[in-house]
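Structure first, then comments.
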Amino acid sequence: MSFNKVDLSFQSCKSNYDESDVVLFSAPLDTTTSYRPGTRFAGNAIRVESIGIEWYSPYLDMDLKDHPTVDIGDLDLPMGDVESALDVIYYTAKDILEAKKLPMMVGGEHLVTYPVIKAMFEQNKDLCIIHLDAHTDLRDEFLGRALSHATVLRRCHDLLGDNRIFQFGIRSGDKHEFEWAKTHTQLRKFDLVGLEDAIEQIKDRPVYITIDLDVLDPSIFPGTGTPEPGGITYKELLGAIQAFTKLNNVVGADIVELAPMLDASNVSTVVAAKTLREMILLLHRQK
Amino acid sequence: MSFNKVDLSFQSCKSNYDESDVVLFSAPLDTTTSYRPGTRFAGNAIRVESIGIEWYSPYLDMDLKDHPTVDIGDLDLPMGDVESALDVIYYTAKDILEAKKLPMMVGGEHLVTYPVIKAMFEQNKDLCIIHLDAHTDLRDEFLGRALSHATVLRRCHDLLGDNRIFQFGIRSGDKHEFEWAKTHTQLRKFDLVGLEDAIEQIKDRPVYITIDLDVLDPSIFPGTGTPEPGGITYKELLGAIQAFTKLNNVVGADIVELAPMLDASNVSTVVAAKTLREMILLLHRQK
Amino acid sequence: MSFNKVDLSFQSCKSNYDESDVVLFSAPLDTTTSYRPGTRFAGNAIRVESIGIEWYSPYLDMDLKDHPTVDIGDLDLPMGDVESALDVIYYTAKDILEAKKLPMMVGGEHLVTYPVIKAMFEQNKDLCIIHLDAHTDLRDEFLGRALSHATVLRRCHDLLGDNRIFQFGIRSGDKHEFEWAKTHTQLRKFDLVGLEDAIEQIKDRPVYITIDLDVLDPSIFPGTGTPEPGGITYKELLGAIQAFTKLNNVVGADIVELAPMLDASNVSTVVAAKTLREMILLLHRQK
Amino acid sequence: MSFNKVDLSFQSCKSNYDESDVVLFSAPLDTTTSYRPGTRFAGNAIRVESIGIEWYSPYLDMDLKDHPTVDIGDLDLPMGDVESALDVIYYTAKDILEAKKLPMMVGGEHLVTYPVIKAMFEQNKDLCIIHLDAHTDLRDEFLGRALSHATVLRRCHDLLGDNRIFQFGIRSGDKHEFEWAKTHTQLRKFDLVGLEDAIEQIKDRPVYITIDLDVLDPSIFPGTGTPEPGGITYKELLGAIQAFTKLNNVVGADIVELAPMLDASNVSTVVAAKTLREMILLLHRQK
Amino acid sequence: MSFNKVDLSFQSCKSNYDESDVVLFSAPLDTTTSYRPGTRFAGNAIRVESIGIEWYSPYLDMDLKDHPTVDIGDLDLPMGDVESALDVIYYTAKDILEAKKLPMMVGGEHLVTYPVIKAMFEQNKDLCIIHLDAHTDLRDEFLGRALSHATVLRRCHDLLGDNRIFQFGIRSGDKHEFEWAKTHTQLRKFDLVGLEDAIEQIKDRPVYITIDLDVLDPSIFPGTGTPEPGGITYKELLGAIQAFTKLNNVVGADIVELAPMLDASNVSTVVAAKTLREMILLLHRQK
Amino acid sequence: MSFNKVDLSFQSCKSNYDESDVVLFSAPLDTTTSYRPGTRFAGNAIRVESIGIEWYSPYLDMDLKDHPTVDIGDLDLPMGDVESALDVIYYTAKDILEAKKLPMMVGGEHLVTYPVIKAMFEQNKDLCIIHLDAHTDLRDEFLGRALSHATVLRRCHDLLGDNRIFQFGIRSGDKHEFEWAKTHTQLRKFDLVGLEDAIEQIKDRPVYITIDLDVLDPSIFPGTGTPEPGGITYKELLGAIQAFTKLNNVVGADIVELAPMLDASNVSTVVAAKTLREMILLLHRQK
């Protein structure tokens, strides 16, 4: 008799690459984090914690085990060399897209979204972004860097242009960021009001969804570097995911900014894992 | 001069057994827990924490010190022998019922509810159950066991039959459990909508109330083995207890699944203690 | 070349005393705390944590760096001698008021509010108090002491008299405190309903605002000595601060009862820091 | 059938007062603590934790269940009124001594030792003290108070006079305290060297043993208000207890300064509980 | 281009089963744990934490990457059915032994050692055991069970007979266990004195090494269910492993009783991971 | 009356720059950290914690208040741009040296030592380094970077050349690092044996002391990114500082790698603060 090697893939995501429609990977980058770091550990923390969570979603009435998904693990990023790390993410996303699969990324800090958008945009010039976050992330530079967790949506805007980025839940940033947003993005302060309208507006266009989990109130998600009180409840986030089902062309998604060590109760990791289950299922609805 | 022995009864529950209308006990069983264990420590953690909490409830406008209650402590359960442990709980409940007192149990894992229901049902064939929980607990077996925290309401259904169990707040389970519930229990997904109607329907029948505290959102109750985001707020739970006052024949109650070590801030234990105060007062209203 | 000494003032509050309109200080007293102590560390914990928080408020559309504020740090209180400690606070408040500046205090336990009110009342016989809290704080004495965190609003009433204290969010206390409040204060149980009306009523009178942060639900504020489930959300607190902008004569304010060690995630300290930013900005609107 | 009330006495210390040779009580005072408070919770934390610890000591080859001991619990101290609290402790100790029983106290802050020594000294003018601690505790006053955790051994010296107090493990204090000790106490810096000699010298005199658990290195005892690195190991403390068996007239003992909340792993509480078991057994050897 | 599935094997243990000399597996059983449970999470916690630890041992001057090892992960144990779980472990060990490979097990509670010893003993009637532990584990039954973490070495003795079990570091147990050990095992109280002699005595016999990590002092290993102060230092444990290199026929080994959740700093998991690296290397020296 | 601004300098280090012999600064860099980050918060954590620690050292019999020291706080480093950050540290050190003052630095990650050594070496071509650490830090590059926490002593060797770096306590690294050290540095594995000899050898040369606090066993210092069991005790570190007093020309020093968030008990921060007090006093002995 022989034994198989340990398989700590997320939940039931144990298919091989070729047979999978959705590709899960994690990007353990937290180099530009300006406050409390630790998001690099998010991917594996979610994998291990996912053992205790049901695979069936009563919200979407779908079971993850019915949908072939591969988990290719943490990307191997050169720590301390941001540009090279972003390149690794970019080429990974590009390969996945060329294979006609949908990428589902777990951060890392929010900057990891940029290389995925870059790869997406090369294929979909019509791309829109739905962005849930506590922070604007619209600085033109931050601490001397153009590529930073605090500039990531601004860099995405460099590619996509005006009114293609829809931001919700925003409650922190510099004054000039809020000003800039008035003419360049669709920014909703504090809550998710208007999300249904935005979805109606772009439902037939290619849409990428990036969820900075700190959009949640820190009561339910303390495990993040810059918690910002006054966020949305988890039920509101579930409502948003329900609304996403009206999109007809979701081309990829990410959840970022879980720093698991900062929440000793592990609830933040459970929140991320449940959200990941829902988002993978959402991607599978596109096929 | 002489001194009395230490008395760490819950709050003011320092009456003797014979003079008490309500009997508080804790059942430190967590053997079948499939994920993070630790509920066996709940009873004593609540006792010690209760020192810092007022005895007067502004919600029910009742003061616990006006209502004679005995706290008989942790039952002495044979660890690792589930069947014998359940027997101890069963005979305890039976004795309390025969003495015409009302049992108020603190878990332990949710399986401890089953032997109390068994004792209850022998006396009240008309018994109904109100069940607040994040999880269905309706599996027919779990990891090879018929008696498990994940099967406990199914076992209760074996006794009571269809449509006698009213479930609220449920947001996690296997797909087949949700299917099965459609014809066998009254299951409400996600929230407490319909609770008032259910209470109106069964207000004159004997009702047992079992509260798995993980029905609460983990933002307010992280200290439990399988936290499930998207739960009810504490104000919603207080609203439910207010609604329970319309029941004319509450025959017993329990709160289960506090694992105090999992919440270093101790807030989860405070939540359980305050809920326990309210539930004991609710039972006293029956007299 | 020379170097400046370390400056760990709260956020951008680095002005000198003479040029500042608002004076921030912390009062590290927790001697009469009856349950879990630790509020003495609140001031410096907030200072250090404030480094990670934006200075711009999208709620009030004001930036703290535009408003000269001095942070004079922890007062030097004689530990273990409550009366002398209260005297230090009293004379500090008095000096600030005489300099025509507005005091913004960080507790410490709630008792620190009393000496500030005493100094305030000597200047403003028409003073009113808005009081957000989980607890009544209306005992006439507590554990044998007239001056205690549990009696502080009663002592304020001794000065101000009936119907000058407006209490919100109250959900814990002795029965007799709730009774007493019926004829002596304006007490609202459980939530903030009626706050707008109260503000309308006293908007032209001198108003002091005291926020016991345990008015918040412990889901968002576990780091406090006596957490009381069933509190308000952080969005509700932000709504209250928005409502305070309709007051025309806020003469000072405090936030009390943060015990930073009790919340290892540091979210409670972030909550206090953000609230402090908003309250300082509110005071600057009076000028 | 009837049920007994919950009994959360320490380990097997469930005898009644009259039949017991040793009386265990806890003194939940931490009012004068100058740094991190929380020792008031030590007694009950030890009681609950003691459930997981063997009653048999392989060090002393004695089993606690063979030695009748009563646990009278936390004394009821008026919080915030130090002098009255000390009186309660004094009269408790006095009553125990008059009943010809041996007192075993759990702190609380170190100041609780003083009233016990006062009661002891009235009966035994020849009393000596063995004092294990990280701190000198020899200030004449501290923050304006003569009675403080930092002055407690100085106050004991006021009663006993020179060279009756034997201090070990001391590694923190003001310079003048170390100077003063040179002519008034027997102070050993840093370790326990000389303990055996001291014991030989006073073995036939009445000896009270006070152990500030912060004498231990914070690696094994982080749960204390002012941890001081460079302390003794737990094996060294066990060695000291072994040495105490050569004393022929131990008249009482205490362990103080456990602040259980400060060590989330609970190891500090386990350390205190095991030490308490050994010390109770030591007292029983005197009979 | 294609991608490989995530591989979270321990350190460099990424070989396939057939090419490996040593087989690493974890046994997530903690059902009979009498105090604080949680050891079921040890295996995966060690795997994830091992990413941060060097593969080279300066103690043994060996690098793990030079020695082919397979990690087959957590065994799939039926939770709550102890006997069936033990069977799974037994058959796993048996298969590994029949393939002429060496088993290296990570617990789980200590009871998992028994089925491995049973499989070992069938092949090696001359088997000896070296046992490092804080606890005797020699009860004949515990809480009504013959198979328990507290009886495991007694059950091993049932197979091996007198004087084949060498116990070190023992400092907790019932009096009768210590008595029984005098004639049946080689038990050393408190420390490792005599280990070199024991090794000399049995160096040419088949030896299984079982390390209950609670043999370590809780200062360095707080993350375990029943921490027992007064244990050995980590340097002493490293010295023991150095001494094990003189054994000529180590046939397998385990490390048990890590409960990772109980140590928020993760140091206990690092300790277990480093020990595991050393023990795997030790097994490779046998080939 | 006026008030001074808050001063949170370390302990009594409240002198101005010009009047001070020793200059304390902290360098909040943790960008190249390969495992658990967080050292950027060390400086301010130590400042706040230092309030609870005596200024007098019974080890050196010196009181910090007698020795004028300035604390210039956290340097303002451009986060995410390592080279620029190192330049800021370099020019700070250079300015301090040109003012004939002694620099005392608190890390940050270990890489911050390199720019200080560079500035030192320009003034003292005869410079030697005493290096206490768990890790070799001798890689030629790490994750593609020449400047990294894992290469820092190799970069120092580039400047100083062979046999000028004396390493102690080393117990982790790649095999080739240990090999390389044999001919290029003086490396002592595992402990401090030989430190006295090294000091005798270089006592009249200019010596810089760099203490990576992870040289301590994680039992006493869990709050660091890569804890490595088997380290030295705190008493051994105190012994090393005692030995340093025999050096006649200590030209500067640092302590690095405290990550305060990783130790919720705060003991690691206390350890760092006490070590800092001793090291500042050591520097003052040079004057």
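Labels for the chains are A, B, C, D, E and F, by order of writing; each one numbers its residues from 1.
By our rule, a contact is a pair of C-beta atoms (placed from the backbone, for glycine too) under 8 Å apart; a residue touches a chain by one contact, two chains touch by 3 or more.
Since we're looking at a predicted model, the values are computed, not measured.
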Joint neighbours of chain F and chain D, given as chain labels: C, E
Chain centre separation (chain B, chain F; CA means) in Å: 55
Whole-Å gap separating chain B and chain D, where each centre is the average of the chain's CA atoms: 40
Chain E residues counted as touching two or more neighbouring chains: 34, 36, 51, 217, 219-220, 261-262, 264, 266
Listing of all chain pairs that touch each other, if any do: A-B, A-C, A-E, A-F, B-C, B-D, B-E, C-D, C-F, D-E, D-F, E-F
Of all residues in chain E, those that touch chain F in their complex: 51-54, 56, 58, 61, 63, 217, 219-220, 233-235, 238, 264-267, 270-271, 274
Chain F - residues contacting chain E, complex: 34-36, 170-175, 178, 189-190, 217-220, 222-223, 226-230, 262-264
Footprint of chain A on chain F - complex, ascending: 30-34, 36-38, 41, 78-82, 84, 143-145, 148, 261-262, 264
Complex contacts: residues of chain A adjacent to chain E: 1-9, 14, 16-18, 23, 25, 44-45, 47-48, 51, 70-74, 92, 95, 99, 261, 264, 266
